[in-house]
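Letters A, B, C and D name the chains as they come in the text, with residue numbers starting at 1 for each one.
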């Protein structure tokens, strides 16, 4: 198994997960008593969640290539940990749908926001675990020799996204909007040019 | 990150978005009081929207390769602008569904047509922005050196799709059918052999 | 644009169309008054249509590569005709769903079978048109020089699937089961080893 | 047709099938009389089935590459048997959905578990058949010459997953939970490092 095939399969899963997000944008039923403009406007949480999820999945895709690009070839353990990472990415359309449905509801709002931020936290954890496994346990499979110092530095940068997602998950039980705002801010931060030097090694957003 | 990987991921998102359009073709419920022929015929807006959206997505795919084919390698800013472009393409199955549902309804018809044409306008704008960024800001990343004159000419051709989409979006509030006709005519125009010389540089929208 | 990219995009659309067929297999609602075995058994048209459509799409994929494999590079006209072919493939999950829903209904059964066979006919026509355009109009783009005789022979073999689909479409108005049987027999025929010499040039049906 | 194209198409079908699994995770309707936490918790069979199916599909993907990687080039018979294998993989989102829906229901529970395990059995059978055909009938197409002894050993290892799936399918009629546990244990077993030497030749189950 070459890294090329590993990347091609991962690309496909990540691309399909991102594109399936559109299924969360629901066409209002024609028989509504409100105007279509009202009904569409009412769905703003779905648009916000679509944008944040798509951007976050896109950034994880970029970072995935940086991570796998360091490898000469994968072994069985790397392939399995990568599958687990893809499994957490594959679940994001569900978490996005949950948030879109409940963000403006009086009931379930906070749990939905916690599941949404928690799904990103899970993905970032799976990403960090694979990165840590590659850099610390299978550094013999790396293309270029990296000093222990460099590998540690990459991991610290990579783990920097975990903290904000922990906060966003906990904060959801206080304010679902604040939690969503953190998820959005993280996606934007990693998309910004300023993060590109740093971001190249950062794990999810 | 090579342009090959950027293209492979973009191809996958664009291909899935095009193929998801079929989910907008709804099988009439068997218990209907009308004949199946009547119920299927009644869905003609869905067929028209499917054909126009599929063709437009296909043409943007062709033009995307022309645009990325000029690059030696992408940088962070190009990858993020490309993600934003993919995000606008990913939204097209929703806009197509909205138009299919509301085109023949008395209520919401004009807004649905405006959202449909507006989604193409958004995509064309994202495409043009990325093309402009590559040609004007990151011309150092181009494979072949292009004079400022040549780059400007490509951008003008590329921007030529924006005008008709602006018109289609505005016109939707007067006549949703006229708006749809413009979107269809644009797709056909870029598909015609006559546009292939010109079209190679044109973004579609 | 290389044929490699054309194939990669076509592969993605064809693979997604084949995989979306599973959405036509509906899980019976738990509250049914019948046993699950009865409800699942009652859906046999959906299983038959899934198998026939998946196999037919798979064979068109094989033949697509044979067709594109003859090309040194595509031009604009080939790319647009290929898009039209992909558009007809993309519509198959809808036709499959329509047949699955109506095959055992007393009302709409024949039209549904005609649409199903007609969708294959449309696909075979789009395939034949592209093949004819390549071999007769753009033979300068072929990898290996083929005599007019050889090109004509390929086209005749390639067109041999059209006849049975015309018959299947017409026959649907007499017997939807007979129409479906022809579609199934064609898929099986092209899958058989005996058709592999012949089938390599045949369009699918 | 190169093995590269065969792998690319298979990758796409397998990746889409894995990603479509998320559609089985249903967002609880907002108007429920229970808390969202209760409604989400009630869906635990869907989460278990998602994880088991995703992991199993991922492992079959790994093993698919090992199998195809032995080939110098495919012939028509290999491509058709591969299509049949993909057809069985494509059906897994349906089997997963069926199990998710019925696992905790009093009615249909056992049949749903049998269909779920049976779908894996079908996939493993299709995998084993293709592997057997390649190794025993078309060994002239192998990259490296393997002795009859080595080929037989690979097939025995490869067939080792069939037994547990036969047991899981039969056991479903006694206990659907025990059946599901076997499916889960098999996925975990092949994912474990201990199975990687052995697992490289094992078909998934």
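In this text, contacts are C-beta pairs under 8 Å (C-beta built on N, C-alpha and C of every residue); 3 or more make two chains touch, one makes a residue touch a chain.
Keep in mind it's a predicted model, so treat the numbers as computed, not measured.
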- Message: Starting from the defined contact criterion, work out which chains touch chain B and chain C both, please.
- Response: none
- Query: Measuring between mean CA coordinates, which chain is farthest from chain B?
  - Reply: D
- Pick same or different for copies chain A and chain B, depending on whether their interface residues overlap by over half. different
- Averaged-CA centre spacing for the pair chain D and chain B, given as whole angstrom: 37
- Query: Per the centroid of Cα atoms for each chain, what is the distance between chain A and chain D, given in Å?
  - Reply: 26
- Item | Junction residues of chain A - those touching two or more other chains | 8, 12, 16, 20, 23
- Note on the structure: The answer for chain B against chain C in the complex is residues 7-8, 11-12, 14-16, 18-23, 25, 27-28, 30, 35-37, 40, 50-51, 54-55, 58-59, 61-62, 65-66, 69, 191, 193, 196, 199-200
- Task: Flag every residue of chain D that touches chain C in the complex, lowest number first.
- Result: 1, 5, 8-9, 12-13, 16-17, 20, 23, 75-77, 79-80, 83-84, 86-87, 90-94, 97-98, 101-102, 105, 107-108, 111-112, 115
